[in-house]
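As C-alpha cells, the structure follows; a few thoughts come after it.
Letters are used for the chains, namely A, B, C and D, taken in the order the chains are written, and counting of residues starts over at 1 for each.
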C-alpha cells in the first residue's frame, strides 16, 4: 500500500498539543468572541457575586428598618429606601440569592428530567413514545405561570415547591427537544454499530447517544434558565414567591408597583430592572451558546 | 513543448471568435472567522460558444467556486479579490446589481447538483417554469405556452400534468429536466452545470446526460460543466481542466487529458480509478499520498509538491510554469517535470486471495434461503425483499448492485439482523442457523458478522475518541478487557495503518479516509468472518477510495474474511467482487461470477445498469435506456417486476408471469423469460461455449 | 385531539382536585365550623370518591359544563366564555400591533444579517422578550395612564363603548403584550428568512434573474414563515391565559385575571374551566397553525394525504 | 346644667338607659362613651345630641368625611373595591367585596355609630327588657323597598327567621321574633344578652334586612331590591356593579346620581385607578402597599378606629414560654410605638397585651401602659434561665404581619433573643397555627400547634370572640392559656347587663391578660379608606360597608 495515513485534519491551525479538547475549545473560543456573551456573562457574574456575598456588598442589612421611609436615591441609598425604610439597593443585592438559587435549580432539574424522558421517548419509540408524546402535548397546553401559582398556593411557597413545579413544567418542553435530537441521532449508523456488537439499550442511550445530543441540551439548559428566571420572577410578582422578609425581586415589584404612580418609582424600578437585567443576561448567553452550537 | 506566460490574458481560446466565457486570473477568497482564505488562486480559462468545458478535481479543489464565481453568485463570505469573468465580452465582476440581474435573466443559466432542493417546494412546477419566462418580459399567457414548450423540449411527455405538480411529487430525473428547462428558457450564452447528476441513480444519470448531450446540439451556449466523475466529463466535454487547490493544473481536450495525462496529479487521479476491468488480485489501485490541502492553507510553490511522486528541490523552490504541450496554449500542464511523467511508478501488484467456494460438503460461511423482509406502513405490507437466496464462501466477495430502492441496504440489514428478516427464511452462519435478529444472536454470531457503513461520519460516535471506539468493540466482541484490550486496539490500529496518535483523536479531527479506516478497524475488531460493506467509499474522493479498496483487499487476503459489498459503482464492484448479485425491487434478478456478469449476456436490467456508466476510458457502448422510475415496493408490478421498464419486455408474458431465478450457466442465474441465448443474441454477446460448464 | 383533550382534563383534574386537600375548608376559611365545611363539601361533591369526581370532571371537560363557581356561584361556562371574549379582544389587538411590526423587523434583520440594523433588531427583540410583561405593563401604566393621561389604568371598556373608545382602553395592555411578543416573533422570522435565503431554491430564483424583492416575496417568505407561524400559534394560547401579569396590572377582566382570582379563592371549577379553555385554545391554535403551514407547504399537505 | 327633656326619647326609658343618662350627667362617663352606649341602647342620635347639648358638651365628633353641606348634587362616584367573592346573597355572603355591594342596597336594623357604638338605621330605636332577654325594635316608618312596597315588621320577622337557622342560630330560634305591630318587632333571645343589637348591625354583616318574600339563597342581582340609598342597576362580578340613586331614600335623597363599584382583586390596581383618576374612592386598604395613597396630595385618607389587632402568641403550657417571666420579657422587649410607626405609619393605637380596644366603652383607660424595658426584659429572661433564647416565629404572609415580625425579630435581638421567622402563605398557615379544638378536653386548650407566632384578629363590636376563643375555650387558643381567674372574669363580663357592671370584670380581664401575657398585643390598627379631595361625605366601617348616602362631589 502506498498511502500515508498520517495526516490529520484539524480545524484551524496548531495541530500539535491537546487535540482532544480542540473541538470544545473551539466552541468556547467562538462563544467568547461574541460581545453578547461577554456582556451577559458580566451581568450574570455581578448577580452571582451579589447572591454569594450579599451582606458583604450591601451597604445596609436588607431587613434593616432604621432608616428614613421612602427616601429617594442618594449617596447613602443609591436606590432609595422603601416604605418601611429599608435600603432598596441592599434589598436588590440580597434578592439575587433567591432567584439564583431557585431558577438554576429548576432549570437543571427540568432539563435533567426532560433529558431522561426525551431520551426514552426518542430511543424506545413505540407505545411509550406515543403515550408520552400525548402527555407532553397536553402539558404544553397548560399555562405555565398559572399552574405554578396553583401548585404554590396548594403546596406552600417553599423554594422546593417552586423548583419542583417549574422543573415539572419544563420537563415536557425539554423532552420534546431532546426527543427530536435523539430521533435524528438514533438513525445514525454508530447506533446500529453498537447494536451489532450487542450493547444494552441503556448503554446506547446514555453512553453513546447522550454525549452527542449535549449540544441541544446545553442550549436548552441556557434557554430554560432564562425562562426559569422569568417564571420565578413572575410567580413571585403574582404572590407565589418566597415569603416576604426575603427581599425577593418579584415580590418587591409586586409590593411596590403602585408606588411608581405615586412617585416612589425607585422602589419598583430597581428590582424590576434587576429582573430584566438577569433575564436579559441569561438570554444573551443562551443566544450566544445557541448560535455557536448551531453553527458547529 | 513551450513554456508560455500565463499572466493576464494568457490562455486565450484557440477557437475563432470571441469566447462565450473568459475567466482570467480569478482569485477568490472566503472570509472565515475574520481571515481571508484563498479558494481560487489565479484560475484562467475560456470557453467558446457551443463548446463544453469541464472542470474536474476532488472535493475542495475549487471547481464549484469557479462555477459560481462565473455567475457572481458567491456565498456571503466569499469575494472576488482580483481577476475577471467575461461573458460575451462583458465583465461580470464589474456589473451593477441591475445589470447582474439582467445578465442572469438573459445570458447565463445554471443547473444544480440537487434538483430537489433547487426548486421551491411550496410552488407548483408550472409557476416556477413560467417565472423563468416572465422575467424575460413575456406576458403571462405567452410565458405559460413557452413553459409547456420548454418542458416538452426536455422530453417531458406530459408537460401540463407536470406543470400542475409540486417539485417533490416529481422523481429526481424529472426534477432535473425541469431545472434544465428553466435554465434554457433564455437561450443562455453560458450554461453552467454543477454536478447535475450527482445523487441520481446511474440509469437516471444516463438519461439526464443524454438530454444534455442532445440539447447541446440545439443551442450554441457555452457549457461549463463541473463534475467529480471523470467519466461524465469525458463523455460530455470537449475540453477539460483539472483543478487542484484552487488552480488548474492541467488543461486540454478531454480525450487527450484522460488518455495521456501530463500532470502527476491527473495521473494519480486516473490511476486511482478501477479501470479496464482490472481486479484486486491483479493490481492494487494507485493512491495519492497525503490529503488535499484545506481551503486557505498556505501552499508551497507547487501546490501538489507534498503529494507528488516526482517532487524534487526545484518543485519546492520554484513556482512551476504553465507548460504548453504540443504548442497548443490550451493544452498545458503546470509542472516542472512534464518530461518525467512516464517515470511515475505503476501501482503495486494485487494481493492473492483464496476463495473457498461453497459446495455440498463445504457449507458457505453465510447462507440465506427464502429470506424476505416485509415492512408495514399504515397497515400496508411493503415487501422490500422477496425470497432472496444467497451463499457466500470463505474469502469471497459478493457484490450487490441495483438502483436506490432496490433493496440492497435492506438485504444487508437483514443479514446483520438489524431489521430482522421475516419468519420462514433461513439464515445460516457456517452451516448453523442463526436467529433473524441481532439481539437474539449469540456473542459469537455477532462477532462473526460485522458491518462497514456508507458514511463514516454517521457510523462513528463523534463524541468518542478513536481509542474508545475501537476498545469498546474489542471488549464487547472478544471479551478482552483493560490493558489487553488496549494492546489489541493498538495492534488493530497498526494493522489498518492508523498511528497511535490517531487513537486519541475524535472522528471529526480525521479526514474522510481515516474515518472510514477507523470504521473498518472497528468492524475487524472481533475477527469477523463476514463483513458487510454498504457503499463504504461512495462518500469519498477517488484517491481516498482507492486506498480504502486496497485496504479491504489486503485485509481479505490476510484474514480470509468474506465480504458482502453493496455499491452502485460498477467499476468498484468489478474490481473487488468475485460474484455479483443484481437486485431489483427486492428480488435478485441476476447473480453470477463478476466476469460473466460484466461480459454478458445479461438480464436486461443488468444490461441497462452497465450501459448507463459513463466511462472514463471513452469506450462506446450499446446503450439501453430505462423508462421511468423504480416502482414502489408496496405495489410491485404484475408478472416480472421489471417488465414496465424493460426495453426487451415481451407483452403477454412478462406482464403476467413472474419469471423464476434460473441457473443459465454454472453459478450464473437469472430471472428472465427471455432465453439466455436469445439475450446473448440481442446484446451481441457470444455465448460461453457449452464445455465451459 | 380528543385524546389530548382527555389528557389535559386529567392533568387539570389532578392539579385542582388532588392537590388542594379539603376544598370546603379552603373556600370557607380557617375559622368556619367543621360541620359547615362538610356541608359545603357535600354540596359541591368534593366528598365523593376521587374516581367519581374524576369522571364528573372529564364529562364536564367534554361538555364544557364546569358547574358553578365556588365563590360567586355563577355558571363557570359563562364566566370563562365572557373572560375569554375579553382576553380574545386584547390578544387580537396585541397581535394586530405586534405581528406586522415584528415580521417586518425580522425580515429586515435577516436581509441585513450581521449588520448594525440586524444587531439592533436582534438585541431589541432579546430585551423585549426578556423583560417580564408585568414590568412593561407597570411602566406603561405609570407613564401613559397616570402621568400623561393617555390610555386607561382600568382597561375594561364600558359596556356601550364603541370600537374607538374600546381601543383607548385596550391599547396600553395590548402594547405591553405586543412588546413581550415582538422579540419571539421577530427572532423567529429572522431565523426562518435566513434559512430560506440560504436555500437552494432561493439561489435558483436569484439565478433566474428575479429582483431581490421578487425573490423575497415569491420564494423566501412563503418558506420562511412556517416557524414564525408555529411560534405565533403557541403564543396564542399563552396570550389568552398566560399574560396574567398584564391583566392584573390593568385590572382587565380576562382569563388571566379570572384564573388568578380563582387560584387565590380556591375556586376549583373556575380554574378547571379556565385552564381547560386555555388548553383548548392552545390546541386549536396549534392545529390551525399546522393547517396554515400545510397550506403554505404543499409537501406537508400532500404528503399527509398520500 | 339645663333640664333634660326625657320625652325626646319618644318612649319610656328602661333601667339601662336611665342609668346611662344619669351617669353621663353626673360626669361618670365621657361624652363619647355616652354617645356610644346610648346608641347601642337604641337611643336616637337626636335625643342623645339633645342631652349632650343640654350638658353643654360640644366637642367635635363624627366618623364621616367632611360635612355634607359642601356636597353638590349629582355625579357618578367610581369606587375601587374588592371583587365580590361570593354571590350577592345577604345570608350566604362571606367576604368584604360582597358586603360592600350588598350593603349599598340593603340595610341593617342598627347602623354604625361612633367607635364601636351603634346608631339607628332601619330600627329607629331598640330597648331590652330588664334582664336583656327580650329586645324590642322600633322599625322606621315610611321606608320603601326599591322594588315596591314598604318595610314592615313582617319583613324584619321573616329576615330574623331566616337568620335563626343561619348565623344567629346561637341567639334565637325560628319564631323568636314577633311583630308586635306593623313597626314593632320583639325578639326573645335564647339567653339574656345585653349586647344583642350588635348581632343585627354592621358587625354581623349577614343580618341585612330583606323583604319577607326574599327566600334564602336569593341573590340581589336577580331581585334588585333594598331600602338603601342606591338601587342596584347592573352587576358583573368580573367588572363592576352600578347603582343609581334611590330618590325615595328614607334618609333623604342622596346627592350622587350614580355609584359604580369597580372590582379588582388587587389593591395595587385599585390604588393605581385612584391615582390615575379612574376611581374616586377606595373602600379599604392597608398601610402596607397603600402608601401611594398615604402620600398623595390629591387624596384624603381616613382611618376607622376599631378593635382589629395582631396577637403574638406564646405557648404557656409547654416549650420555651411556660415561664411567665419569659413572656413578660418578650412583651417588654418590643417597642410598640416603633412597631406602629414603622409598620403602620402610626395608623393605629398601641396595645397593652389585652384585647380590649379603647373603642369599647368599658375600656379601662387607667391601666398602666407597658413600655419597652430592655434591661428588665433581659433580667427576666436570665431569671427564667432563658438567656439567648432561640425560637422560631410562625408568621402568616398577611398584610403587614411579616414586616411586623421582622421588626419584632430585630427588637427582640436586643434582649438577646434569637428569633427565626417562618413566614408562610395564609393558605397553609391556618392549617397548623393552632390545632382544632377538641371540646372534650376543655379546659385543656388546643392541642399542639405552633409555639410562637403571630395571628390576626378582625374588628368586632364586642370583645367576646377574643376573650372566649383566644383566651378561654381554646378554639383559637394558640397560647394554650388556661386561667380560671381570667375565665371567671370573662363569665362576669358576659353576665353583666350594663356597662357599669362590665367595667369591673373588664378591668380584671385587662389586668390578668397583661400580667400573664399569653399574647403580646402590640397595637390595634386602623382600617383605611381614601377618596379624592373633591369628594366628601363618605362613611366607611372598615368591614366593607361604604355608606355613600351623604357623599358627593364638592367641586
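Everything that follows uses one rule, which is that a residue touches a chain if its C-beta (ideal position, glycine included) is under 8 Å from a C-beta of that chain, and two chains touch if they have at least 3 such contacts.
Remember, predicted model here, so these are calculated numbers, not experimental data.
For the interfaces C-D and A-C, the C-beta contact count is higher for A-C. Distance between chain C and chain D, defined via averaged C-alpha coordinates, is recorded as 43 Å. Each chain gets one centre point, the mean of its Cα atoms, and the points for chain B and chain D are 92 Å apart. The geometric centre of chain A is 22 Å away from that of chain C, both derived from CA atoms. Averaged Cα coordinates give chain A a centre that lies 49 Å from the centre of chain D. Residue numbers of chain A whose C-beta contacts span two or more other chains: 153-154, 257, 261.
Shared interface positions of chain D, i.e. residues touching 2 or more other chains, are given as 268-269, 272, 275-276, 427. For chain C, residues that reach two or more other chains under the stated contact definition are 141-142, 146, 248-249, 260, 264, 266.
Which chains touch which is summed up as A-B, A-C, A-D, B-C, C-D.
Note for the complex: chain A touches chain C at residues 36, 134-135, 137-147, 149-151, 153-155, 226, 230, 233-234, 237-239, 253, 257, 260-261, 265, 268, 272, 275-276, 279-280, 283-284, 287. Only residues 113, 199-201, 203-211, 218-219, 222-223, 296-299, 302-303 of chain C touch chain B when the two sit together in their complex. Residues 71, 73, 76, 101-106, 108-110, 112, 114, 117-124, 128, 131-132, 135-136, 166, 168-169, 179, 182, 186 of chain B are the ones that touch chain C when the two sit in their complex.
By the touch rule above, chain A contacts chain D in their complex via residues 63-65, 69-70, 83-85, 152-154, 156-157, 243-245, 254-259, 261-264. Across the interface of their complex, chain A is touched by residues 267-269, 271-272, 275-276, 288-289, 291-293, 295-296, 342-343, 345, 395, 397, 402-403, 405-407, 410, 421, 423-425, 427-428 of chain D.
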